[in-house]
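These are the structures in question, set out in turn.
Next, two complexes with subunit A in common: one pairs it with subunit B, the other with subunit C.
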Partner chain A sequence: MEELANLFHGFAVALQPYNIMLMIIGITLGVIIGVLPGLGGANGVAILLPLTFSMPPTSAIIMLSCIYWGALFGGAITSILFNIPGEPWSVATTFDGYPMAQQGRPGEALTAAFTSSFVGALFAVIMITLVAPLVAGFALRFGPAEKFAVYFLAFCSFVGLSKEPPFKTIAAMMMGFALAAVGLDSITGQLRLTFGITELLNGFDFLIAVIGLFGIGEILLTMEEGLAFRGGNAKINLRVVLHTWRELPAYWMTSLRSCLIGCWMGVTPAGATPASFMSYGIAKRLARRGNNFGKGEIEGVIAPETAAHAAGTAALLPMLSLGVPGSPTAAVLLGGLLIWGLQPGPMLFVEQKEFVWGLIASMYLGNLAGLIVVLTCVPIFAAILRVPFGIIAPLILVLCAIGAYSVHNSTFDVMLMLVFGVLGYLLKKCNYPLAPLVLAIVLGDKAEEAFRQSLLGSQGSLGVFFSNGLVSTIMALGLVALFWSAIQEGYSRLRTSMA
Partner chain B sequence: MKPSVLSVALAAIAMSCASSTASRAAWEPVRPVEFIVPAGTGGGADQMARTIQGIVTKHNLMKQPMVVINKAGGAGGEGFLDVKTSSGNPHKIIITLSNLFTTPLATGIPFNWKDLTPVAMLALDEFVLWVNAEKPYNSVKDYVDAAKKAPSGSFKMGGTGSKQEDQIITVGIEKAIDAKFTYIPYKGGGEVAVQLVGNHVDSTVNNPIEAVAQWRGGKLRPLCVFDAQPMAYDEPIADGKAWKDIPTCKSQGLAMEYLMLRGIFMSPKATKDQIEYYVELFKKVRATPEWQDFMKSGAFNTTFLAGPDYAKWIEAEEKRHEGLMKEAGFLASAN
Partner chain C sequence: MTERSERGPAHKTLEIGMALLIGVFGLVVIFGSLKAGINWGAEGPRAGFFPFYIGAAIVVASAINLWHAQRDDDGRLFAEWGQLRQVMSVVVPTAIYVGSMPFIGLYVASMVFIAWFMRWLGGYRWLTVVAVAVGMPVLTYLVFERWFLVPLPKGPLEEWLGL
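Take a look at the complex of A and B:
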């Protein structure tokens, strides 16, 4: 019951006029960011993060997380109307959403996408409300060894679950580790890989890397492809919405399954992109009209959108209670928490009750506000895409440069951002995934630190990672995730030989 | 950082008009003052800098805005080098902690406090020996006995940073009681305190402000303070005990003293007028009730020094750190 009282107190915090205003601004900005190709939620949050440093932390995180949800909503708009996924996790939405739009059913597709997003997020928030207090009490058991185990699981799940070949994932991740090693070694207090360059004392800031890799890299790609936006007529009126809503309950099974996949993928820090693909794949295999998938099936929109939004929301739970981000955007938000002096992790739920429950309450309200905003404003947002790329691209570029500069007020960082942009472009051309690289930059030095702290404590014995039930379980899960595809293959081979 | 940059720009425009009419008698800032923190946000130095910024703004102590900027890279080296290279720019001040000495000694970056202009010492931060309240160590003697009885290196001391104040104190304790600890460095004082609550380390030497919440919550127990006399604050904090009731380590047979500088420096080549201006400014800050509340909440030692006394104190302290770090094998050349 104490949790419910906390939640209602949280509603009171989130419903302050100032916070409601930030919520609506955040959703609107987020949708714009989601609509613009090349400017993802992670970039949007990264660029806007410094703007919030002067706000109280609760208000700042409410605004940033609303940008996050807005981006999740917004990504679907361009995917459906123009076949341009504004976000990586809305790639799967294009498979059936775009054919629907071409068949003259854009209203239905958009309504289905937005409503599914809302359902997925709501499911995940309810899960967070019920589970978070449990996680918080249990989190004090996390010493260095347990922390390392969680990081280990995060890295392994990227290797085991992503669609790219595992060796490319590992290569990208190793590059991230190398970049994370630059700067002060916090265990020995020595400088590493700085080559006497003062600017490198601080290491590579992941914000700069993210802005460069995603933002600049995407613009370079778009320029190469000579992409022209073809405007679509995205008129949407209340009748289509109601008509589609009447249809949706028939697909409850798909929704529920996608919610579960999303929550699972969000909590193990795999994120929204694999969740959306996995959910689409399973729906295709299990749905009655599965063979029609790819030709404009509404279920093919519901499945990835529900899972992506559930995962995106659930990703905030490990970030808050364990200090481990479940998605690139959550990783950026984690950086924000540290900047505001909030220590994400075990004590956040104990020491910062108002902050945590204000945030959870804002998840309920933010998503509701988001649904209303996107359903009413779709024609306006779609109009952005009629602006020629030649005008939009420089604007994005300037935004990225400002974002990179304001992290440390340093022009060196702007240069660094451009270098990362070229790197991002090259990696994408060679089909190397960027997410593991960013994950390694963000978590690399933390994982190293936890690993070495554990070994210091155990006087060099690796047994510390299997010294109690908790740490052994997480390590085992990590190993399973790492060898998942091999295990799956072995299992199916075993079945065929048995039959 | 964006709003601060914006306000800096706006204020700069406003003042460029006003400065032409300013009198030349005594120096005053004509541009916004950058207040560098050579440590991360949320730490002790950062909290103090932001408190000062708030006081200056609230009481209108300066006509120009004060902008706090964190430059934590390389254990604060980034911040020190930034001020060092801003020679002759009187609009840049820096708050220092012990990394003023330890960072150049441990990393070998080209910096020494003599590169900067000393302004004033604001306070000294205390260090307290903490243990988990569940443990049976009720006095320094219990603690020392347990540490000596434990197999060499199995007793774990958690602290902030590597080769910085917490580890220097740890080495001091080892020498004083002839025992061997394993020192585990963490990123920040708050995290260190949480690790002690979770029993992942056996003791810490957290500053009062870092651990007071856990003491109040009944999770941690203070054993002694590393100062020559007990702290001055007699308001009860937990179990009817006040900061004043914590005995000094020396009186309990643990001969180690350590206090951390919380002082202000400015860019090289500052004129006498400019130094004078900042000394007066910080005297005004110290007189406000907000500052006194802040001192009380962190149980600070409120010694104030400026001018030659301050420089003499720093010089002695630098020698002491060099000695302590040399003994511990923390010097950059020794690695």
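Take a look at the complex of A and C:
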């Protein structure tokens, strides 16, 4: 019951007027970020991170996480109204959301999407509330070998679960590790991989990489299609909302299934995007009106939205309890913790109770506030989309530059951002995943430290990673995840040969 | 943008180029790690120990990607030339914008950049262009420097204005 007391204390923190104001600002900014092409959750949070340097950490994380929730909500608006996914995780929402809008039911589709998002998030937050303290308590006993095993599992799940070719995932991930290694070696204090360039002494900051890869890269992708941009109309009123809400409980099975898929995919760092596709695919196969999917079926909106939001929220569970973020945006939030002087990982639950529980409480309140904001303000947000890309694009580019500069007050970083942008464009076109690259830059140093410390303890023997039950189990899970696609393929081949 | 030439670089070429580029990056990492020392020293594994294996993994993964790229050719285009021209019309000015920032400051550079973008790529009226190009940096100044006390790079103009 100690958790319950902590949670109530967290609500007291989150309900301070200043924090509520930040929550509303965060949600509003987040929805705008989610609606605009080229600005997404990860780089939106990265750009705004420098603004929070002077805030108390709890207020800062409340605002930034609310931007994240807002972006999750916002992605649905553009998918449904304009058939343009504002975020990768809302691609699956376009399949049925846009046809619904075309049939004159945009209000219904939007209400279903927002409500499902809220349900997914709520499910995930409840899970975090119950599970995170247990995981953190468990993780307090981890030594360096166990820590490395957790990183190993996280990165292997990327290889096994992502829809990109496994060796492209590995190449992208390893590039991230290599970039993280540049600069001062944290253990020996020796310089490495700088090749005499003084700007590289401190290594590559992942915030710059995030802003470049996701922000600039996305703009360049959009530019391929030119500046043409068609607007649409959004009408939503209380009658439609109530009508849709009456309909939704009938799909409780889909919701529950999507919540579970989302939580699972969010905790293992596969992220919101595959979760939404998977949930849509399964719903299509199992639904009674499955062959109607793609023609404007409300269930086809509920399934991906619930899963995406559940995954996006659940991604914070490993970030808080283990220090391993489950998504690029969670990685940026983790970077924020380091900047505010907090050490992410299980010790947070012991040393920074107010921070952790304030954040968890703000997740409940932030998502509720988000639901209200999006339901009432859809027309305004849709109007933002009618501002032509010719005006939006240069403003986003300038914002990215400001964000990249203010991380370290360095103009070199701004140039680096552009390089990352072009690289991101090329990588994306060639089907390399960007999320593992970013996560590897964030976690590279920690993973290496854990790896070297374990080897130091064992005098260089790799057997240390299989030295006890716990570490062996995590490593074995990692290996299964690593070869997951191969295992699946082998299994289906076996089945066809049997049949 | 109405007429589109259906020609452009093949996807395969870019795919191969990307695999090679990443492979070379892996070699650079290996080279750098060798310089830092990849064996064990008095304090345990030396600085290049971990990156060396990372570099090796990059080279192996790119070799496999290269092999895949070489093998399957679906005749897909990477992008049409017209599309690439659109992309370059953003990359080049952004590069100039970013490169000029240390000298003329962020505010002036942003004004010129926004104005250029809206006028030449967007084709807006000068009035709209000036309103946005001046309004955005002023707003930025108020939010960042005044409200959140985050300093941004300034140039001769700001110095002359005494900001």
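By definition in this document, the second predicted complex is superposed on the first by the 491 of 499 C-alpha atoms of A that agree within 3 Å, B and C clash if a C-alpha of one lies under 4 Å from a C-alpha of the other, contacts with A are read in each partner's own complex, and residues count from 1 in each chain.
Here is the rule we go by: a contact is a pair of C-beta atoms (placed from the backbone, for glycine too) under 8 Å apart; a residue touches a chain by one contact, two chains touch by 3 or more.
In this text, all values refer to a predicted model and were calculated from it rather than measured experimentally.
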item	value
Touched partner set for A:Gln16, first subunit B, second subunit C, both or neither	neither
Which superposed partner A:Ile187 touches (first subunit B, second subunit C, both, neither)	both
Which superposed partner A:Arg141 touches (first subunit B, second subunit C, both, neither)	first
Touching partner for A:Leu456 - first (subunit B), second (subunit C), both, neither	both
First (subunit B), second (subunit C), both or neither touched by A:Ile216	second
Which superposed partner A:Ile170 touches (first subunit B, second subunit C, both, neither)	second
Comparing the two partners subunit B and subunit C, which touches a greater set of residues in subunit A	C
Contacts of A:Asn202 with subunit B and subunit C, given as first, second, both or neither	first
Contacts on subunit A seen with subunit B and repeated with subunit C across the two complexes	50-51, 53-54, 185, 187-188, 190-191, 402, 406, 409, 456
Touch list for subunit A against partner subunit C, complex	50-51, 53-54, 165, 167-168, 170-171, 174-175, 177-178, 181, 185, 187-188, 190-193, 195, 216, 219-220, 223-228, 388, 390-391, 393-395, 397-398, 401-402, 405-406, 409, 411, 414-415, 417-418, 421-422, 425-427, 429-430, 432, 448, 451-452, 455-456, 460
Touch list for subunit A against partner subunit B, complex	50-51, 53-54, 140-144, 183-191, 194, 198, 201-203, 338-343, 345-347, 351, 402, 406-409, 449, 453, 456-457, 459
Of subunit C, residues touching subunit A in the complex	1, 14-15, 18-19, 22, 25-26, 29, 32-33, 35-37, 40-41, 43-51, 54-55, 57-58, 61-62, 64-65, 68, 78-79, 83-84, 86-87, 89-91, 94-95, 97-99, 101-102, 106, 110, 113-114, 117-118, 121-124, 128, 132, 136-137, 140, 144, 148-153
Subunit B to subunit A touching residues, read off their complex	1-5, 40-42, 46, 69, 71-75, 77-78, 81, 106-107, 109, 153-154, 156, 161-164, 182-188, 190-191, 194-195, 197-198, 200-201, 213, 330, 332, 335
